[in-house]
Structures are given as C-alpha cells and as structure tokens.
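Chains here go by letter, A, B, C, D, E and F, matching the order in which they are written, and residues are numbered from 1 within each.
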Amino acid sequence: MKLLVVNPNTSAPMTAQIAAAARAVAAPGTTIVATQPDFGAASIEGHYDDAFAAAGVAQQARLHGAQVDGVVIACFGDPGLDAAREACTAPVIGIAEAAFHAASFLATGFSVVTTMTRTCVIAEHLLHKYGFERRCRGVHGTDIPVLELEAAGPALVTRIEAAARHALQHDRSGAIVLGCAGMADLAAQLQQRLGVPVIDGVAAAVKFAEGLAALGLHTSKQGDYARPLPKAYAGWAASLGFAPSAVGSSS
Amino acid sequence: MKLLVVNPNTSAPMTAQIAAAARAVAAPGTTIVATQPDFGAASIEGHYDDAFAAAGVAQQARLHGAQVDGVVIACFGDPGLDAAREACTAPVIGIAEAAFHAASFLATGFSVVTTMTRTCVIAEHLLHKYGFERRCRGVHGTDIPVLELEAAGPALVTRIEAAARHALQHDRSGAIVLGCAGMADLAAQLQQRLGVPVIDGVAAAVKFAEGLAALGLHTSKQGDYARPLPKAYAGWAASLGFAPSAVGSSS
Amino acid sequence: MKLLVVNPNTSAPMTAQIAAAARAVAAPGTTIVATQPDFGAASIEGHYDDAFAAAGVAQQARLHGAQVDGVVIACFGDPGLDAAREACTAPVIGIAEAAFHAASFLATGFSVVTTMTRTCVIAEHLLHKYGFERRCRGVHGTDIPVLELEAAGPALVTRIEAAARHALQHDRSGAIVLGCAGMADLAAQLQQRLGVPVIDGVAAAVKFAEGLAALGLHTSKQGDYARPLPKAYAGWAASLGFAPSAVGSSS
Amino acid sequence: MKLLVVNPNTSAPMTAQIAAAARAVAAPGTTIVATQPDFGAASIEGHYDDAFAAAGVAQQARLHGAQVDGVVIACFGDPGLDAAREACTAPVIGIAEAAFHAASFLATGFSVVTTMTRTCVIAEHLLHKYGFERRCRGVHGTDIPVLELEAAGPALVTRIEAAARHALQHDRSGAIVLGCAGMADLAAQLQQRLGVPVIDGVAAAVKFAEGLAALGLHTSKQGDYARPLPKAYAGWAASLGFAPSAVGSSS
Amino acid sequence: MKLLVVNPNTSAPMTAQIAAAARAVAAPGTTIVATQPDFGAASIEGHYDDAFAAAGVAQQARLHGAQVDGVVIACFGDPGLDAAREACTAPVIGIAEAAFHAASFLATGFSVVTTMTRTCVIAEHLLHKYGFERRCRGVHGTDIPVLELEAAGPALVTRIEAAARHALQHDRSGAIVLGCAGMADLAAQLQQRLGVPVIDGVAAAVKFAEGLAALGLHTSKQGDYARPLPKAYAGWAASLGFAPSAVGSSS
Amino acid sequence: MKLLVVNPNTSAPMTAQIAAAARAVAAPGTTIVATQPDFGAASIEGHYDDAFAAAGVAQQARLHGAQVDGVVIACFGDPGLDAAREACTAPVIGIAEAAFHAASFLATGFSVVTTMTRTCVIAEHLLHKYGFERRCRGVHGTDIPVLELEAAGPALVTRIEAAARHALQHDRSGAIVLGCAGMADLAAQLQQRLGVPVIDGVAAAVKFAEGLAALGLHTSKQGDYARPLPKAYAGWAASLGFAPSAVGSSS
C-alpha cells in the first residue's frame, strides 16, 4: 500500500520530519511518499497562509493522488481537504479530523493544544464543521511558532506539557490532541508524562487511511465529491484540469 | 494483537457470523475472539432489548476486556459503549460509531439503511450524541427482522439495495452505512452494485481498533472513563465489581 | 392512582428513603410502590454501574409496569428510561428529566449540583439528549459518594450548599437542580437557605406522572416506543419477553 | 389552590371555553380564575397580534398574579411568558411549552397540528427557544381560523384528524400536540380516533402548574426573572409599575 | 429616502438622542423620523418592560410604517421586530440584529457589553434566535441603568471601556457590540481607545436599512410576514387593525 | 469610496459582468474596481475549483486590498474570505454571506437557488459556518453551468424561476437567494415575477461594504484576523508576504 503524505507548507525540513513520523507508525507493507507544494508559506499560522496551502494541497492531490491508495494532509487546519477528496478516488484524511476522530474513541471530552493562539479559531471552525464541537472541551494556544517545533528542545516540551496539564484540569478533559503536524514527535513522550491519551494527527491519519484502504473503501465519486468538471484552468494551474473522461478514472 | 468482538445479543449463529466478518478484514497478526452475553434478547430491535444488551456488554467487557488489545461492540445501537470503556483500558469501538466515522471520511453526507423502522430513533440518538447529525442525511428502516439477515437471500439483498438507492437519491447522499451487524456480509456486494462506498460497521470497527492499538492509544482512565469505583454488586452481577486497586490495572 | 418508583440501584435503605420522599409529595389519592432490581450496583456512580441499572429498570418495568398508572425512575442518570417506556403503557418519567423540565419552568437558566465529578458527563449527555443544553448553565460535582447521602449530616449539607452558591454565581443561574435521588430530603432546606428554587427530581417526577396520568395520557405505543417484539430472551432475562399479543396490552 | 388562566386574546367566548377546559382537568381543590386583556386582537394569528397579546398578558399578570398560586398563558404562542414570570412569584406556564414538555415524556418525537400556516414559524421559534427542536418532527398548519374553533363541528374535527394522521405518518411521530387553545375540547376525541397521545396545552399547563405549586416551587426571583425594576410607565400602562419594595413581594 | 426610527421606550430625551445618532450616520438624502410609543416603560430593562415595548413598536409601525422606506427599532432587545415586519412592507431592522450582523463581518468572534446584567439573557435569546450564538463569545452586563446613559460622563465611559477590555481578553474576541441604544454616542470614542471595531446598533441599522431600501428589497409579504389578517382589535388598539385589502398595500 | 470586487474565477467576461452589476447599485460616490486572479478555474463548480479561487482571492486582496475602502468576494462559495480579512484592514464581504444576511432581514426563512447540484454542499457548509442553518430552509441546484449564465436567455430564466417557485412552496420560504455571481442580472426580473424578495449577493455585498466603510468600521486586526505574520513564501506566492511592520499597516 502506498500513502501520499502532503505537507501543505513549503518547509522541506518539516516535510522530512512529517514523513519520518508517518513511517514510524505505518504498517509493514505501507510505503510513505511525502510531498509539499512548490508555492506558499513556510508555515501555516493563519487564514492567509491556509489559502495558499489549500491550493497547494489541491495541486499535489491532482499530481500524485491517482498513484496512491490513500492521502494524508499533514497540517492541522486540514487545508484543501474537500478539494483533494474531489480530485482523488483514494481516501483522503486530514490530520486534524483524524486526531478528533481518534480522541472521540478514547474520551468523552478532549482538549486541543496548538501553536499560535490566532489559529485556535481555525481549529474551532473545523471542530464545528466536523461535528466535534461537543466532544472538544477547549482549544488552547501556546504561541509557539510552527517552525520552532522542528527542533523542539526540553523547554518547548515543558511548555506544551504545562499547557496540556492546564487544559486537562480546566476543561475536565480525558485526552489531549496535539494541534500541529510539527508536534508529531512529542506525542509518546507527552502521553507518558501526562498519563492520558495524547494524539498526534499524523499518526492517526496514517492508521485511518490504511484501515479504509484495506477495506476497499474509497472517496465517494457520486455527488458532492464527484470528479471535478472538465474546464479551463489559467496560469500556474493550467495543467491541473481534469479531462471529460469516465467517472472514477484519474485524469 | 487480540481483539474482543462482543455480539450484544444472545444468538450464537449471529456471533459466529460476526466473528467471521471480523476475521475477514483483520490484519495478519490480529486474533479475533468473539463472545456474547449469557442473558438478554436474541436480537436487538428496540430500547428494551438494548437495555439488556448494554448490561451484557458490560459483563463481557468486565470478564474479557483486560486480556485483549481492543474491543468491538457489534450491534448498531452501540449498547454499553460507555460502560465498556469505563471497564477497559484497551480501546473500545462501537460498530455504529465506527461506520459513522468511516463514512464521514468518504462523503460529505451519508445515509443509514437499517432493519426495523422502530429502531431508527436509536440511530438518530447516536448520531446526535456523537456529533454526526449533520453528516447523516437520513436513516431508513427496511423492516427486515434482524434474525432474517442470518441467511439473507437474493430477495433480501434486493430489498436492501432498493432502500439504499432510494436513500442516495432522496437524501443526496454519497455513501451508505449498513445499520446492523447482521448486514456485514452484504457490504462488498452492495458497494459493487451501488457504485458508492457501502460501510459495514464491524469491518470499520476492527480496522479502527487495530489502528488505535497499534499507536499505543488506550481508553482514557482519567475523568469520565476512569475505572469503576469499588463497591458491592448484587445478584448475577455480584462478581463483576472492581477492586480498589491502582488506576489502569484491570481487576 | 398507583405509581411505581424504581430505585435503579440495589441499596434497600436508599429505596426506602426514595419511597418516603415520593410519598411526602404524592397527592392524597396516590399510592407509591417502591422497588429495586435484584442485581446490579449498590450505587450508580458511572457508566458501568448505569448499564446494570438500565437492565434492572427494564426488568422492574416489565414485572410491575402493567399494574400501575405511572412509573418514576429514581436515579439521576435516568437509566433504562427508553426501555421502560417501550415496556409500559403508563407514563414513565426519569428524575433527571423531571428536574430539568421543572427548572426550565422557573428560571431561564439553572445549574446542576451532583455527587461524583465523574458522573457530570452523564448529566451533560442527558441534557443534550433532552434539549436542555442551553437552559442548563453548568453541572457541578461535589465528589460526595452517593451512599454517604443516606445519612447526610450538617457538614454534607453545608458542602452542597456551598457548591450551589458557587454554581448560582458562576453560572449566572436562577435555580438549582439536585443531581441525585439521595438528595431528595435536602431540597426544601436548601431552597430556604439559597432563596432560589431548588429542585429534587423525585418530587418533580411524582407530580408530573400524577399530572399526565390524570389527563389520561399514556406512553405512545405507536412507533419508537411500541411494545417490544415477541422473541426469545436468555438467562436470567428468560421470563421477561413479551407475547405477540395486541398492541397496548401488557404481556 | 388558585390558578389564573389568561386568555391573551380579547374574545370573551374563547376565554369562557378555555376556563371550562381548565376546570375540566383541575384537581378537586383547584380554583380556576380566567381573564383576558382589555385590549388587543380577537384572535392571535401572527406576530402582530402576538405583540399586543404579550403586553396584555403582562398587564393581567401584574394585576392578578400576586393573588394566585400559578398562572397559565392560554395561547399557543406563549405571548408574554417571560414578562409574566418577571412580574410573578407564582409559577407561570405557557400552553405551548406545557404541551411540548408533556409530549416529550410520552414519545421520542411528536408533531404539532395548528391553525393558520402563517403561525407555524411562531411554534418553530418556540420549539427552538425551549430546546424541543429535535423532539418535534413537524409543525403543520390547517388554515382553520382560530375563532372558527369556538364551535368546531364534525367537519372541522375531521380536517384536524386528517392533518394529524398525515403528520404522524410523514414525520414518523408518536404523539400529536394541538397548536391552539381553541382546540382544547378536541383532545380526548382525537386521541381516541388516532390511537396516540393527543396533547392539549391548556390541560397540560394546568397540571404542571398544580404540580409545581404543590411542591412549593416558585419562579426564581434571582437573576433573569427578578422583579421588574421600579420606574415610570406611561399611558395606559401607567399604573402597572412596581414599587421599589423587597424582593419577592408583589407590588 | 425616509427612515422611521422607533425608540421603544417612553423617554423623550432618549428618543432625541437616538434620532441624533441616526442622523449623524445617515446618507445625504436620508431623512430620519424618530418616534416613541405613547405608553410603556421609560427604559427597557427586563422582559416585563420589553412586553410593553413590543406592543409599542407594533403600534408605531402600524401608524407610520407605510409612509417610510425603512424602519429601525432602537432598543437592544429588538422588541416587536417580527410584529413590525408583519405590519410593514418596508424593511425593518432591529439594532441588536444589526450590530450582530455588522460584527460578524468584521471579526470571527465578538463580545457584547450591555447595561443591566439581568438583561443579558435577552441578548442571549436573540443571539440564539438569529444564529449568532457561535459568533458571540460573551455577553457582559455593566449594571449601568439605561437612563444614566443619557448623560454619560467620563466615569461611565471608563466603566464601559473596562468591561470591554475584560470581554476582549476573556472571550478572545476581536470586536465589541454595544448593547444599548443609549450607548450610540460612545462607539467612536471607545473604538479609538480599544483599537478594535466597536459597533453601535443604531448606526449599523440605519446603514443596513438604507442599503436594503436602495436595492428595492422589502419585507416579504408571502408567508410568515404576510400582512396581518383583518379582525377586531379592542381597547386602545381598536384603530390598529388591517383592512381586508390587497396583499402588499398598507392599510 | 473605492470598493474592490474580486471575481475569484478566471473568466474575464464574468468579471466584467460582475463589475457592471456592482456599479449598477453602488452609491454615487463609490468607485468599483474589479479584478480576478491570474490563475485558477474559469468557473467555480466544486471544492477543487474553490481551492484555487481561495488562493486567488488571497493574492488579489494582498495586491489591492490596502488601496480600497472595502472588498467584495464575488463567488457564492465565499472563497478566501477569512484569508482576505486577515490580509486587509478594509471590511471584506463575501456575496454568499451578504445574501444570507440580507435575506434574514426580510423573511423568517429563505431558499437558495444555485447552479450545479454538486455545489449545494458548499452553500450548506457556509450556512452552517455563518449560523444561518435555521433561516435557510433549502438549497436547490438547477444544474445550469456557471458560464452559461453569462448570456442567460429566456429559457434559462424560466428554469431558474421554476426552481425558485418550487423552493418557495416546498420550503415554505418567503425569499429567494440567488446562489451565483453570474445570476446578478436576474434578480430584479425574478423579484417582479415571483412577488417575493430575490437577493443577489453582489448587490447586497456592495451595499453592506459601503455601509460599514461609511461608519468607519474595519476588519478587526486583533486576534483571529490579525495581519499575517512575516515569513517566507515560495514559488508564485513569493512576493505576497507581509513585512514585520506595525499592526494595521498594509505591507
């Protein structure tokens, strides 16, 4: 089985880090292919960055989606999730949704600990869109910039741990969702320290994608996620259109 | 890895059928242990049957939960789900929730096709409790008794297919969730006929349980799912209490 | 008029205490029959205990429901409420829902003061299921074990009063709902001290059941609460099935 | 016990009819006092009529509320409900809310059959405000003018019955709520014909008011329903102000 | 263009103040006509006052609505909004809704700073009715009486500013809605001090009414806001009925 | 006053058509500047197209937003709305939200008539995100491709009119929202034929933007819409970053 892991930002070290996190949890027969858009922000820390990332995910899904058995979008805002689903037949999973789904199997209520406070609203919008607004009891910013996570030292870990402890107590939560792909490395360590499930979305998304693919389940090509209609695309997107071919085929 | 699949009703042939369905999708290293309560209704077709089933699931989770890596509750009403989570450290997954989660990865809207119309409200309550009330666009009864599914012939399949086609059209849905563990055998066949994802909760629950267990994620033992308090239990439940031992241990 | 009050736990002193509380508010012509299951936990302090209680309520409703004009389920988690409604033609009222309904007639917002913090989520799930999630402005645990309430001394009352005062202030609430059948004795006393309505669910449920019965209103036997279908029940539940007789009859 | 039943419209025959319906279900010791405002519309069939009715209810509650043990607002839009609660210490119940509460004790889903289609939105707003939007599965207008109900002949009853049958089937409901005080007479008859609970809000409100009053529960005078502040009122309302006296006293 | 601004309370100085605030923001060609009911409370600080105000707004809309191009209801509880819409063909805007709509164009979350804490629930009910319950992150009372705002000195402004700063911080909001028509004068000043958008509903309502009227958009006269039905009105409201004339005409 | 109207697709004739529609309703002193991205789909008919459009709107808002007093995003999916708000200090309005807001001032319930059925879900997600899910009673696809609207002949208008009539009847709605910028020309004509308010989002957005700008209200630069953080952007987006200058300045 081959999974495409798209890092929606343009930081190559982060792509490598995410790929490693994905490979660490992938099943024996699973190959991880990691990619990133050739345009957009070095890190996603707001709505503006997210808009470029969504287009970048659409691009990567169009270019590589037909060659894989599942796609993971490795940014906690799930940018371009619906676009990628429209472009692909393979299942597509965002790491925010994956983490929310996983947490809701393990606790009646969870808290999210994320990076910049200004991005909390993005998580809140997703929670609401997906239906987890009652399961999630709080979203907490740490104001740690995303790219500082690439080399998270003990001080940063302590800061995230403190935020998680505060969240568990204040929100009466039973699990922690880490709100950034850059935190993937920290989940095991934090879980051990906190004594509650700590969920990294990259790992969760890989396992859910493997599971769905193993069952022969694909993205619905009927209705809202049907293949994009054939039409002209301009500028750098010119080659990213879809031919008027049969439903379910890939380009 | 060992998974416990609890059939909450007391029909042994159905337990065998569910076990076979679980084994058919389990990963190579996964062992499926199937069990059923020693009391309660032969099939779950209403709230009354469900109450016995919830107690039966609690019993089975108490008796076997500490020996496995994951638990699947194989009745579409997810009876005893919260009770089993309290009783277990391993992840516990209900087949209704598993199917809802899987469907929401694959389509913006799905429909449920179930057995007796009188049980639709149970699915609706679950959808609402779990937060899928906006993703699910309709719950449809076929008024096929649960136990008739054990030997579903072509006529029954045709009836379920017709209900699914009606649901897809009427609800503008992109995927079908089969609303009964007894329909597990039919998913692949219906998916081929309908051309949209058809989700069987038993299969989905097995894959999700495998995935969570592989990641080292367990049911939160802090807060709402903490181990039951030590106390006296009467009657047939007398031996099902928990000792006042350390958090996280099993009995 | 005869009302069945089911204590879902197996503590006989608590059954007696609840019966006394019900009798204290019953109308002159009302007879209170109190009962408890012959199995399950001595107190309900979590989901696991609740699962046995639900089955116990189903059992008691099946055994006695046809002989009474109304049924009250006297545990704040309303265990087995839907099951009992399916099994009975008489109206069935849970004490949590009764208290929520009563409070919403008296204040725009109320707070719940209950026993163990770990059970708050059960109240929250009920509030949401019933539609009171906007009326209730907070659920507060006191971490007083249920069975300690049997002989609540001044210290316990002071502790509950303090929790109620905190809730009124913090939640900007106008009324207090007591979140345990074992607190029934304390309502009048607390109401006098706090100067706001303090609602005990046992009392509220008795009056609502009397009112509905007086109006000739019964549990709907059409649709979701129709009489259970005739089928085999195993083990200790073997005698609790329903015969395939006419709608509305009792066995 | 004395209950004030306020007919919010200015049709005296309808006040008499409502008073009779209330007396028919009142407990032996309950006295019904019926009243109506001295201004406003002869029937309430829209938002405009409702605004006068709300002021009329406030007036009547101010004039008579301190002399009674409970107040019933006998128009299905519950006009002036919050105002009357602010003005009174006795419990105040609207007939729409009473009917919704009663129905939700008896069925998992109910339908409303009302008069003019244009008033359906008023019921829908109330359902939503009160939290019954998930319990109510449909609101159906019959386009029967309110005042024609005063002398409802067999043809009208047949028309309402047909609307109710349609609603039960279409909405998959288990109970019918009659959406007008003028339909109070028809509940028993329709219940017999339809075989499901048929709820008249006047009757339900009387029993709930009796029950709350019997328990010594009053409208919260702390917070949102505190007694109106002393201030000047102009015009015909000049005498309806409140003195700056102690909390809980009546004028 | 002519706009009717109705002050729902009976304080003439406040009517003048509101008229001035409306004129200050009206477009060059817009004439502001300000009016107030001839009955009711001098200020609206609760549900009771609000009931008279709703009738007063209905009266004023009936008397003057046909002669104007738009109507503004200048009390933060939007009393009589639906009634005025039924009575008028011109667009009718409440200042609470106008402020909520404006704020939701400018920030993902806003906070309301209002007068008496006891009226917070009125704002909360409106937020919920209108669908802004997720956009509004908090409603905060200052316990400043409405009529003290007529001559708000520096001390009052400082108090409101402090409440706004607290709200922005505590609610993580990006904008402030002023919760009283009497605060209209303070918006610009507070916006400068706070550095975030501060929204006065009177100003917002005037601009929205101008905009809708300029587009030729009117209140729908089909369905829920159709002209009131012809019927008898009693007492002081006797002359406020509608003739059985053609749809869309004004009296 | 200068307003930027961004057509998110890359069809120049449609940009011209939208600009004309905006100019037709702009106030005398308002200048309309219309623009479109230099990349992306010729029409937005799904999630995939929408992802490019969001990035295109972000680009245009970055390039031109600092020179204007308000921004209108002229595609019914409101692509890039949050991104543009982050990038701009001027108010930013999407045409879908503008139309929903306008409709909710005019009717208790409205229906949306849009182009491709597959895009209905995009409108539904927006309705839910914005809080209009209860005001909107239905979203209806006509399966007219967006670009066919450029030269909408009588047949197309008749088809849209028929869909609108069906929606009004079926949904019990009082107003119609046209779900595509390409339908802007048709609003007046359809309003005349249907006799209910017909709302074009382009016109509504222009008036709301004019109104907010006239009041000196801007997008909040505190919290969730604060200016994007300074960072590297790659590829075609390289020049679209923000300098680390003072809050509120434009680049």
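Some notes on this structure:
As a working rule, a residue touches a chain if its C-beta (ideal position, glycine included) is under 8 Å from a C-beta of that chain, and two chains touch if they have at least 3 such contacts.
Chain-to-protein mapping (UniProt): A, B, C, D, E, F = Aspartate/glutamate racemase family protein.
Just so it is clear, the model here is predicted, and its values are computed rather than measured.
Seen from the Cα centre of chain D, the chain whose own Cα centre is farthest off is A. Per-chain Cα centroids separate chain C from chain D by 27 Å.
With centres set at the average Cα position, the gap from chain B to chain D is 44 Å. With touch defined as above, residues shared between interfaces to two or more other chains in chain C number as follows: 82, 108-109, 117, 120-121, 128, 134, 172, 223-225.
All chain pairs that touch, listed by label, are A-B, A-C, A-E, A-F, B-C, B-D, B-F, C-D, C-E, D-E, D-F, E-F.
The touching residues of chain F, when paired with chain D in their complex, are 108-109, 134, 172.
Chain F makes touch with chain A in their complex at residues 10, 37-43, 45-52, 54-55, 57-58, 62, 80, 82-83, 85-87, 116-118, 120-121, 125, 128-129, 145, 223-226, 228-229, 231-238, 240-241.
By the touch criterion stated above, chain C contacts chain D in their complex at residues 25, 27, 82, 91-93, 97, 101-102, 104-109, 130-135, 168, 172-175, 188, 191, 195-197, 199, 203-204, 207-208, 210-212, 214-225.
Per the touch definition, chain C reaches chain A in the complex via residues 117, 120-121, 128.
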